[in-house]
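What follows is chain A paired twice: with chain B in the first complex and chain C in the second.
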Partner chain A sequence: MQLTPDDIVVFTLAGWKINATIVNTWIVMALLVGVSMLVTRNLRADVPPNRWRTALEVIVKMIQGQIEEVARSSARHVMYFSGTLFLFIALSNLMLVIPGFSPPTSSLSTTVALALSVLVAVPVFGIATGGVGSYLKTFVQPSVIMLPFNIIGEFSRGISLAIRLYGNIMSGAVIAAILLTVAPFFFPVVMDLLGLLTGMIQAYIFAMLATVYISSATAEPDPSLPKHEDKP
Partner chain B sequence: MTDLAIIAVISIFTAGLTVSFGALGPALGEGRAAAAAIAAMAQQPDAAPTLSRTLFVSLAMIESTAIYCFVVAMILLFANPFWSAVQGAAGG
Partner chain C sequence: MSIDWITVIAQIANFLVLVWLLKRFLYRPILDGIDAREAEITRRMTEAGEAEKKAQAAEAEFRQQIKQLASDQDAVVTQALRESEDQRDSLMAETRAKLAQEQQDWYKHLERERQKFTAQLQRAGEETLLELTRKALRDLADESLEEAIVRHVSARLRPIASELTDAAGDSKEAVATTRDTLPAAAQALMQADIKNLLPGINLRFETDPQQAPGLVLRVGGAQVAWTVDSYTEEFDALLNERMAAGASGRIQPAGT
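Right, the complex of A and B next:
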């Protein structure tokens, strides 16, 4: 049984073993970039929108709306980051229906890389909005006693982000493989259907949690001060 | 019993135990969370989109503990480090 696509070596490039995870990540990236570039090639005001452009706009508007509900301030830069995470994870999870394609998110190295990028993005966004001092102040937020727990929490949520995505996608693949040996005709299709649902939910949750972490690190206005902007 | 047999017995037994207890706790927790969310939705149908979004996120976070147990069981069954160490030492 194949627990991870890291073990499948597709080809060797100048002594480097290029495994299926890297190749599948390239395929997903090429699909995302290629389709977006093809669709937005004629992005001018005088060109009427076609159905592809409308579809992309619907996706972007949906991501924007979801993120603005969670992160009220500085939503635009967070959207570039979390939206990219969502699109990449969602597409790679959805491509599990293609026979022979093992999604790159079912490898622990991909999910650890994504979680590391979240861990780096949290202080970057926090410092960019409020400066170094106010970001470091979030670590001693309730009191100084909570400092070690806040530091531990920072790392543990990175680990849990990585393991959650990996475990969900890998478990879907493993259960489908086990059922393939037990009841090969109909049941694996149902489990793949469930895998599609789980993949979308996990992609949503990964992006949502990244947004929540970032928006909790970006300095919020002091609650004692009156709010300057209150949306109805 | 040989070393390999002992390792195999303990690994398989522990994998079953891990999955059983790892399924027990999150199942109870998810049931309570879903029941509370459905009760809240019945009281306030207007807040249903927000509630269901929060429910999905929290269900996935509760479920991740079960997934950790599943990953540990999979490691015990298919990628057991002690098994390969003993096999390597035996020259197999």
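Right, the complex of A and C next:
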């Protein structure tokens, strides 16, 4: 039984083994970018949008609205990052229903990569927003004693993200594979439906958690909280 | 469950590329398009608001113009009514004057016609009277009218012969004027009478077509005459009296 698509080598390029995870990621990327390019070409403000453009606008505005609710700001960079996370994971999970297609998110390498991306994105956005000093100061909040816990918490966030996403997608695939051997004509349909639901939920949760982490790093300090001062 | 770190690196790269691609082909065009459309809608709303304000201003101006036009129209109608009444009065006065003038002209014309008819009637009456008189004299007395006139004038000369002689003065000529030439017998009778009554006075005969039928004898400044005018004047008086009496033509007896 194949648990991860990392083990499936599709082809070899200059000595590098290109596995199914990467190829399927490219397929998902091609779908996302291709549809976007097709719909958003020749956009004009004075022409009423067609139904495809309206659908994309609804999706983008929904993502923007969700991010604004969490981050309470309309920074476009956060939306580019979190929105791409959501669209990539959601489409990957939706493609679970395609027979023979292993979603890239069912690979721990993919989920780790996404979690590492979030892990790196949090300080990057924090530093880009308030500077290095302001970001580093968050590790000693509310006091210096909390420094190791904050560091551990920072890394555990990424690990939990990666394991959560991988576990949900992979568990669904594994359960479906096991039940397929028991009742091959009934359970796969139910599991596919469940997989679609959990896949969308996971995409939403992953993107929202990433947004929360980034927004917590980029948020300005609450003036109502007591200000910590280092005394000599 | 294992982690292929090469795949992890590749997926990170793939993800970053996907972020850039979606930013380039999805988020930015869609959001910019939405912003542009919102700006376009805002611009059009602003333009619509301005156009509405302009329309309201134009409507107010239009209503003011209609009001002004209605006011002007009332004034124009009043003025036109006044002018038409003046013109009507003027035309009526002109028509009345014209009618009065025409009536006056008609009366004049009627009077002229009446006078003309009266003159013609008078002339015809004279002619008829003369012819009837001449015929009556010839039938009853076997005498001509001219000779009777001569004898009548001579009879009127007889009582005033001396006065006529004085009136003649140095003039030794008497002139007998008739409308038509007197017959020779009448001329001879007249010559004889003048010779007896007015000795030394030569008689000369003249004709005047304008003169009434009859005989006029002029001696110096005196004149003795018999013409039908006296009769025709009476005839005219009778005729006018009958015409004035109405269509019946009867003269009402006096005292009735």
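Rule of thumb we're sticking to: the second predicted complex is superposed on the first by the 217 of 232 C-alpha atoms of A that agree within 3 Å, B and C clash if a C-alpha of one lies under 4 Å from a C-alpha of the other, contacts with A are read in each partner's own complex, and residues count from 1 in each chain.
Definition applied: a contact is a pair of C-beta atoms (placed from the backbone, for glycine too) under 8 Å apart; a residue touches a chain by one contact, two chains touch by 3 or more.
Everything numeric here is computed off the predicted structure, so don't read it as measured data.
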Clash or fit, chain B versus chain C on superposed chain A: fit
Touching partner for A:Pro104 - first (chain B), second (chain C), both, neither: second
From chain A, separation angle of chain B and chain C (C-alpha centres, steps of 10 degrees): 140
First (chain B), second (chain C), both or neither touched by A:Met200: neither
Chain A residues touched - chain C or chain B, whichever exceeds: C
Contacts of A:Ser160 with chain B and chain C, given as first, second, both or neither: first
Touched partner set for A:Ile127, first chain B, second chain C, both or neither: neither
Partner chain(s) touched by A:Leu179 [first = chain B, second = chain C, both, neither]: neither
First, second, both or neither for A:Met208, with chain B first and chain C second: first
Which of chain B and chain C A:Met29 touches, first, second, both or neither: second
Chain B versus chain C - smallest C-alpha distance in the overlay, whole Å: 6
Chain B and chain C contact sites that coincide on chain A, given as residue numbers: 3, 170
Footprint of chain C on chain A - complex, ascending: 3-4, 6, 16, 19, 21-22, 25-26, 29, 32-33, 36-37, 40, 43, 45-46, 49, 53, 56-57, 60-61, 64, 76, 79-81, 83-84, 87-88, 104, 107-110, 112-114, 116-117, 170
Residue ranges of chain C touching chain A (in the complex, touch as defined): 1-12, 14-19, 21-23, 25-27, 29-34, 36-37, 39-40
List of chain A residues in touch with chain B within their complex: 1, 3, 69, 160, 163-164, 166-168, 170-171, 174, 201-202, 204-205, 208-209
Interface residues, chain B side, partner chain A - complex: 50, 56-57, 60-61, 63-64, 67-68, 70-71, 74, 78-79
